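Shared between the two complexes below is chain A, which pairs with chain B and chain C, respectively.
Then we have the complex of A and B:
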């Protein structure tokens, strides 16, 4: 593969080098947090963290551990920069291709193409789709003031992207720690996906009620058509963990939480936690194309606190 | 002026419809030139279409089983019509399973290309479908605007990479920049480049091959003879024009190539079994 034949000499000028055989293992997870143009990239020996914030009330983080990469070399303790996430995604997807991973989608593509063409060259292209041609990625960063350089390769064609970076802003520390967590549930994403796709968007807030007693876990909206409640019992099949110590009802701005639907769509499990201030932590377990696990988390400030009697 | 054509073969009808649909994706309006042997779809480079011009040539015998035409006069035995290819394409699409399709130049409330066909139905009685597509007759004095373009004195000629690959890349690049630089050399290498304040992206294609115009060029003592094979020539074009060209291509051509006149013109040539298409995109500063 052309990308890995770069000389050792070149590598020494970079403070960060990360290689992926399948660029989708990065681009797909980044899509789960792309609701603003700018993102803060933080790299340590553990891997990569990408942070996106909205109006100081919402923070989304995507974690891609060093083990996900085929190579992950970092020459400093911490490397951080700010970058335009939309531009980065356009570059990662420069060769086009599918946005959703997985076998099912590949089969769909084969079916579509068989209708359209019938000469000998098309047979080859159908074969390639079945084999799942993927884009290889090599990401390099020389340090402060330098652009992020991407080398992308697919089918022998190489694209080089240089994306300008900026001084990274300090990500907000929501001071969310496990010791202050009052309520926690872990659900299979399947169940929440339905609810989230049907959420009444005319409601300004999403209300989350968590309690050791009925209704256990409830999502509520208050829209033009009326109020809607989605209840999840602690005994439900979908409920993998239920640890609620006190009854809490909190409201969060719908506009802030709506982007989290993308993360939910990619995930197989989600943990919902609230702390004693009513701050919300949503953690999503995402499996990539190769079955490896990555995490996405969303932190959100409460809109107002509702006292429960 | 008379024109009558009949298409019987379903594959020919299919091909013809596809050609017209491709043209409709490239331009809203164009000129249809009918001669005894050929049909041409022509777009002359005007400021209104960003200086882009197009020449599409079909041999009538490849499509029509019957073809009769009488031009404006015996010396000028051709017909020039201004058409909206999308209207033609839509009409043709509705008659895809007809036994025969007739295309005629008629005069209804205005000059029209009439497409008429008998379509099979579930009952024994066929359904007759007629589409009158309005056209404008182009007077002889304007015909000089729609002549076959001459081959530009190009600096480099190179085969294009797979159009689908190019289209995917150009689609993404369009999100990042309004202009794209296409550069190529005589070593079969081509680069697509964009550069803005935020980002620069370069895609490298290798081993594309250069078409063997060689003999002709050397006879003319053309520049390609002395050109260093590694040295790149380039044209900076409006990315939307290139994207428009790529969007229109539904079928892989037998040959796809481009000629670049350094900082002047990008000349794209597609050769299919039954038609040839040339597309000129002017370079911008």
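Then we have the complex of A and C:
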């Protein structure tokens, strides 16, 4: 449901305006990277990138392309700010957040057109959509030092949230480039979800072995009870792509990788890549409510040097 | 040892492990000639369970004959192998169980669909054999029922309820919660169910007994029985003698042996020492729904008897009566042969436990059975190490 301004006057003051008919298309993706309170928002003409980091060893990025938004207007080349992600999510879900598309609320079947007087300079027209309940979002940012303003509407009720922004920190550049990638696999998330849900949490590390020969792709844990290995064969029908050039075994802190399970749960495919330094890149392909594709990626530093065998 | 479990049997094995986890914290594994035995016992030794999987249960079962190997491990680790039962059902094609004695590891390898292989290397400790001695065939009362009947019965009792009393007569079985030492007995909630003999597949009550045992462990068995659909057989004898519940089919046998209170309160009216000739509880008490008389019966003054001393003779279950006179302090035992003389000391050490120790048989040559180690601990051949990576 579009929230559009009748008057164009106010738009000029914003460096970033983004409209979404369904706020869940943003909030769901953000949930996949909410393991820390603060996130860096970076907007370009391509869209929005939200970055969360942990202890300089882990970085998660969520990409929401401009095409996902019903309107995405940016007046500068790059707009960046830091914001409390937990608060942002709370605001995005202010109408409950658990509504699913198509769920009928009492008076939703009525097509209404409401005019709301908002500030003396413009009017807001609000249309209620007959189908389903979703929260509409209009996100506006005036620039450095200004708060991020969210207009959220559901069922004719409009909520305005203003969240303070901070000076954005520079996201870490993990210098992970495709030319240095030694091993890459693309798996269907279904099977990986099963493995991740069963991982022995008493293990401090998750060891990932990728090899052109047996065991091909292996996740290992070393816990109190003993060790466990999850092996994916390269011929498995869950394996969409298998390109491993050398045998590599790397360990990553379990506590760092555990949050990626949320992204895994949302995704349908995941690509696992390691480079010559043992850095790990996990890229998740997520389909939102409307079937559009967004990406979430995680970068993680290896825990220690492991003898390559 | 090397064995392979395929198809639906993987889930049965998993269910058995989960069921045993309701009894104790450790799983005792013993590959025998007649099958793989998985056992567990609780810390106060008042509940014991054993599942024996015949060689035919496995698509391959090979053990080194003559090698009396047995081990124990934390049951949680084995449960983590079989964590999600629904996933097991859908994706696991077979499960290999291999023993690596050199590395002290038991390896569970699950071959799943889509080319996924899950390998769990679990560390174990050597252990004594754990074997309860009971002779269920000699028991006076034998019943067999579909698990549904028992599940529907226990659902009426709150999950927090510890003990339940089963009383039988010729035609009926009563199940009620056990309320004891309640200062205000009239404020306690009493729940009682009556099951008629025709609800059972088999009902043979030769002695009208009433036994009280722990409900939690019974639920453990029911979890298994319900999922496999196997009928549950119950063997009851007089109070003090353990109650045995078992499920059997052609390839597996599960036995749960639960200690019972050795003296039923309603029998305290007889202050006889030989409590084995207990008078049957008058069925009319229950038939009349006469709570008052029931409560009065509960409230009977405690018959003076010798305290909890008196070394029990190292004999089989048939002799429970001779060692337990009116055990007002609620010591019940399941007798399992073992080092005997030390028990009483151990009993004194566990004053708060209602159910006393089970004595476990050591399947060692007789000479070593005269060890004087205390009851509650078993000889551990390997150091009790937690870190077994």
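Keep in mind that, in the parts below, the second predicted complex is superposed on the first by the 271 of 309 C-alpha atoms of A that agree within 3 Å, B and C clash if a C-alpha of one lies under 4 Å from a C-alpha of the other, contacts with A are read in each partner's own complex, and residues count from 1 in each chain.
Operating definition for what follows: a contact is a pair of C-beta atoms (placed from the backbone, for glycine too) under 8 Å apart; a residue touches a chain by one contact, two chains touch by 3 or more.
In this text the structure is predicted, and so the values were computed from the model without any measurement.
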Partner chain(s) touched by A:87 [first = chain B, second = chain C, both, neither]: first
Touching partner for A:45 - first (chain B), second (chain C), both, neither: neither
Which superposed partner A:191 touches (first chain B, second chain C, both, neither): second
Which of chain B and chain C A:232 touches, first, second, both or neither: second
Partner chain in contact with A:180 - chain B first, chain C second, else both or neither: neither
Partner chain in contact with A:157 - chain B first, chain C second, else both or neither: first
Which superposed partner A:96 touches (first chain B, second chain C, both, neither): first
Chain B partner contacts - residues on chain A that touch it in the complex: 84, 86-87, 90-91, 93-97, 116-117, 119, 121-122, 125, 147, 155-164
Chain C-touching residues of chain A, taken from the complex the two chains share: 191, 194-195, 197-198, 200, 215, 222-233, 235-239
Chain C residues within the chain A interface of the complex: 73-74, 76-77, 80, 83-84, 87, 91, 105, 114-123, 386-389
Chain B residues within the chain A interface of the complex: 161, 164-165, 167-169, 171-173, 175-176, 197-206, 250-252
